[in-house]
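Two complexes, one shared chain (chain A), two partners (chain B, chain C).
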Partner chain A sequence: MSAVSTLQGRLGEFDEKRLLLLAMFVPFTLFFVLVWGVPIGYALGMSLFSDPTGAAEFAFLGNYVDVLTSELFGTALWNSIVYALSSTVLSLVLGLGLALVVNRKIKGGNALRTMMIFPYLLPTLVVIFMWTFLLDPNVGAVNQFLLDYGVIQEPLAFFSSTTWAMPAAIVASVWKYGSFAFFILLARLQAIDPNLYERARVEGASTWQAFRDITIPNLRGAILIIILVRGIWMFNKFDIIYLATRGGPLDATTTLPIMVYELAFLGSPDFGGATALAGIMFLLLAAVAVVYFWAFKPEQEVTT
Partner chain B sequence: MAQPIRLDDVRKEYHTAGASHVAVDDLSLEIPEGSFTTIVGPSGCGKTTTLRMIAGLETPTSGTIHFGDRDVTDVRPQDRNAAMVFQSIALYPHMTVRENIAYGLKVAGVPKAKRDAAVDEAAETLQIREQLEKMPAELSGGQQQRVALGSAFVQDPDVLLLDEPMSDLDAKLKAELRVEVQRLHKEMDATMVYVTHDQTEAMTMSDHVLLLEEGRLAQFAPPSDLFDRPVSQYVAEFIGTPSTNTLPATVEVGGDAPTIVGEQFEIPAPSDLFADRIGDSVTVGIRPQYLSPDGGDHHVRVIVDVVEQLGTEFVVHGTSVDGTHINVVDERVGDAGPDDELSVGFDGGDAFVFDKDGETICHGDVLVAARSASPSQ
Partner chain C sequence: MLGLGEGAAGKFVSQRTQEQVRRVTVILTALLVAIFVSIPVYVMIAIAFQPSVTTFRGGQVNLLFDSFTFDNFVLLFTETGTPRYLFNSFVVTASSTLLATALSVAAGYGLTRFEFRGKTMAARAVLFAYMFSPIVLAIPLYVIFFSLGMLDSYFALTLALTGISAPFGIWLMWQYFQTVPIALEESAWIRGASRTRTLWEVVLPVARPGTIATAIFSFSVAWNDFTMARVVMSQQEMYPITVGASLFLDRVSIGWSETMAAAVLMSLPPFAIALFLQNYLLQGFNVGGLE
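Presenting the complex of A and B:
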């Protein structure tokens, strides 16, 4: 009798648990399928048709071949890589430097930490307005500063120069997104037992040796995740570049997302090409991410 | 080479938002070379600050610290040839046990083969050979502590500093590691300074005990001196468990010599020390271990509150008739129950007498001498 009741009790418990699991799981699965799965599938489907929104005709990989062989693709891919890599690496370096400074508990460290969140909170439009103003050849403070100190002889129109448009876009992006790395790295730094540094000092380690042997290994996982996540975000970043330069001048800042936009909405709309290019970007990033995880194992954290 | 450590008027002040706090107050002493010295005291008495100043992790506000003849007051911790074991153990979490132990040697530029040999030797001594390739997180608390000791051991320091290394361990492990630490001290040529708040650790392990009171030196002496010849009521009460019983008394004229008169006892006192204290209130200190139910020249009646058994001994927590809290440790008081009245006695030779500021006026040996000299007895 007691055995039966125990069994029933267990079954009842099991059912309750399963019910709870389902109640948690099903809505989110539905949501995910509707909001992510369907549009992605739909877009990938579209990429297999020529003129998918009008007289759709199955073209299989025709759109992919067209996009990959187009003149712009190489330039846009290169621009994307340059933009994503440099803005990620620079914001990592900047974020790490500032995090190390704030972690030293210097005077004004708290104020600096609070200020660091502001660029992240500002709308991209405002950030770009600010930077176009700062970099303006006629009224911009940066040109004024460079002229006063004799670095340049003529004012530079940063966002309209094929040489300087990309660096200017990168600087604006680092300014806006550098705090992402800063906050993650600061949190990680604050989690390191300060006694480790004291022990290292007593054991004879120099500041540099302590940084190399304690700080870097403890930050490794965070740095690798920042590079991956920030890199993917910057690779897909559209707004900040488009608002600053519209991909110009002469395609100097046309990255892959901007090329997708141009294919889809400029001139004669080519949704087939645009969705095919989006598919190519997705596959590229997925491949890079898989290789990255395999090579660096960023999920391995230092266990404390 | 073990070095003596000399502190001269060492003072450390902390300033926070206008308020200044003196952590260590003009401390002067010399820790003999190769000795095992324990710094003990209640929380916030400045013992860890003192240790950190010896390590170089804190700079004294004033005063000097010497290792032997060398003034190290402003020398960086890297250049002091000291090793330190921290309360938090502080193993590098991302290094194996072997790398942890060898780290000090690695930054000193010792070649790998020599490092490995040193680590193997240390691991043998500390019985952690099996753990060498593991990560610190995989070890038990006791093993982690052994690794920390090992990393100090391989550096062959002149001065080995330990900051409450066992405060997080259970009693059995503590006892085990106490032996380990003392064995290590015998094998090493280093002056060892050990900080603890646990006076049992201090009394059992060390050659010298430095007891601090609010940043000041209360007494610096071998453990037996702190137990038998405390310089103040503070020392007598801090050292020893249970704490020393303190009985209020007054110095009165008794016959031809002054007498210390308590609620239930009268102790003849030497004239040279007590003649000008007539009428003063004093405190008589007597250790619970020196109170016994049958012996003694002087007697105190105690109402029993609680009896605890400690192996073969019993501890009676009680109250005397005038309300003073009194503890008795003896093998023969186990039969006592709550509210029983117990008469316990002590010899004058075991008592301490403190003045009203808590300074020791005399120890028991002086009282005994006074009594034998007194013609009325």
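Presenting the complex of A and C:
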């Protein structure tokens, strides 16, 4: 009797479990195939044809050769690296500094934390409005400040100067994304056992020694993740630069994502070139992802 | 002996000095960051709520809040496409938040509770998508939507936005469900509840904080998005506010005052989240934030 009912129960559960499984994975699979698999496959396919949206002709790697040998590619790659590296490192430094401060439970620490959420959530466009205004040569507060203190003699048009456009874009980016590093590092800092510091103090360790031997080792993983993930995102960042400078003046802030957009939508559309460049960026990302998966094994489940 | 004593005293003094140096550094850093973060926000608010004649009086920029007005907002709503842009933003944000959250909760639960072959691959696909570049995805999506005649539709933009927000949502929910002990579900099963009923009455309520965090991240991706909307929407009446307002800077008839008023409008939802839902958001950062 009871054996039968458990059997029935099991069978019933089994069917229901199958249904549930379907309900969970059909949308998941459908989504990934439709929104990721198909477009990426489609793009990689397109990249092998010249003029893929018009009179398509198989060109094999022709588009790749064209893109890689174009004059702009070297500039764009270099700009991407400069932009990604400096904005990532600067926001890491800012985030780390502030996380250490807030972790000391100073007065107003919570207010500071709330304040830091805000830039991160603001639409990029708003951030660009703010910084375009602040750095404006005629009405901008930064220019007024620098002129008043005699640092500069003439107002600087930051976003339209070949020298200053990139640093200005980096400042706006750090302003927006500094809090990403801050929140991750703060969470990690708060997880460190305070007894460790107490013991180090008792044993006569200086603040610096405690920082070096307790804080840094505990943060190492988080710092590496931030550099990796934030670095990839900044390398692929399109909107902040496009809105600030459109990649100009000249090509001073043209990064690879801007170049993709220009190839696809500016002047006569070249979807072959654009998708080839997208393919190159895809391969770059895949290479970094392999390193990431190999070094961190992030897909491993927490065992609790 | 004497040397040793001196050394100890020296160390003592240096620890006190260190403490003082540290205090000053801490306060200074906090102050500098507070100024760096708040000045742009203050400038935006001041310009948006001041009459432009006050802001730009006498060739100097005046940001001291001499007078207060809603005129800039009124002009924004009567003279520009802002109402339409806002409406579009609301539609695509709401639909893609719903879609991404539902997808994330279902997939997150499935990935946690069911063992199957290729699970590692699924995890890596999710993480890979999470790191992916929106613009690289936008190009083929544009071509596909173009050939299907689906450009300029809410559906296309909703799908594209969900494409960038769902991978992190799935990841977040997956991590979250791992912290929910399976014992809760098991005890419900023992009391005779079906799996489906357990899901609705036990699992989902327990997972609410994670679900809210996922919804917040999906919301902010959709609300902040510029890239996808720029590519997928080409007719002005389909622009969300981010794309619509980005044209303000090039228009002579729209000055800084109205531009900043638009910025304030766009900042309201993020501001509300920061104020009322920050704890859920911080939970999301424990498993990595979002682009």
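Here, the second predicted complex is superposed on the first by the 263 of 304 C-alpha atoms of A that agree within 3 Å, B and C clash if a C-alpha of one lies under 4 Å from a C-alpha of the other, contacts with A are read in each partner's own complex, and residues count from 1 in each chain.
Rule of thumb we're sticking to: contacts are C-beta pairs under 8 Å (C-beta built on N, C-alpha and C of every residue); 3 or more make two chains touch, one makes a residue touch a chain.
Note that the structure is predicted; figures quoted are calculated from it, not measured.
Contact with chain C, but none with chain B, is seen for A:40 once the two complexes are overlaid on the shared chain.
By the document's definition of touching, of the two partners only chain C reaches A:125; chain B does not.
Looking at the shared chain after the overlay, A:196 reaches chain B, while chain C stays out of its contact range. Within the superposed three-chain model, A:93 lies out of touch with both chain B and chain C [touch as defined at top].
Looking at the shared chain after the overlay, A:217 reaches chain B, while chain C stays out of its contact range. Within the superposed three-chain model, A:206 lies in touch with chain B and with chain C [touch as defined at top]. Which of chain B and chain C touches more residues of chain A is settled by the count: it is C.
Common to the chain B and chain C interfaces on chain A are residues 204, 206, 302, 304. Contact residues of chain A toward chain B in the complex are 193, 195-196, 198-206, 209, 213-214, 217-218, 302-304. Chain contact summary for the complex, chain C toward chain A: residues 11, 14-15, 18-19, 22, 26-27, 29-30, 33-34, 36-41, 43-44, 47, 56, 60-61, 63, 102-103, 106-107, 109-110, 112, 114, 120, 122-125, 127-129, 131-137, 139-144, 146, 159-160, 162-163, 166, 170, 175, 178-179, 181, 189, 194-196, 199, 220, 223-224, 226-227, 230-231, 242, 245-246, 249, 256, 259-260, 262-263, 266-267, 270-271, 273-275, 278, 281-282, 285-286, 288-289, 291. The touching residues of chain B, when paired with chain A in their complex, are 55-57, 76-80, 82-84, 86-88, 90, 92-94, 103-104, 107-108, 135, 137, 151, 155, 161.
Contacts from chain A toward chain C in the complex involve residues 12-13, 16-17, 19-21, 23-25, 27-28, 31-32, 34-36, 38-40, 42-43, 46, 52-53, 94, 97-98, 100-102, 104, 106, 108-109, 112-127, 129-134, 139-141, 144, 175, 180, 183-184, 187, 204, 206-208, 225, 229, 232-233, 236, 238-239, 242-243, 257, 260-261, 264-265, 271, 274-275, 278, 281-282, 285-286, 288-289, 292-293, 298-299, 301-302, 304.
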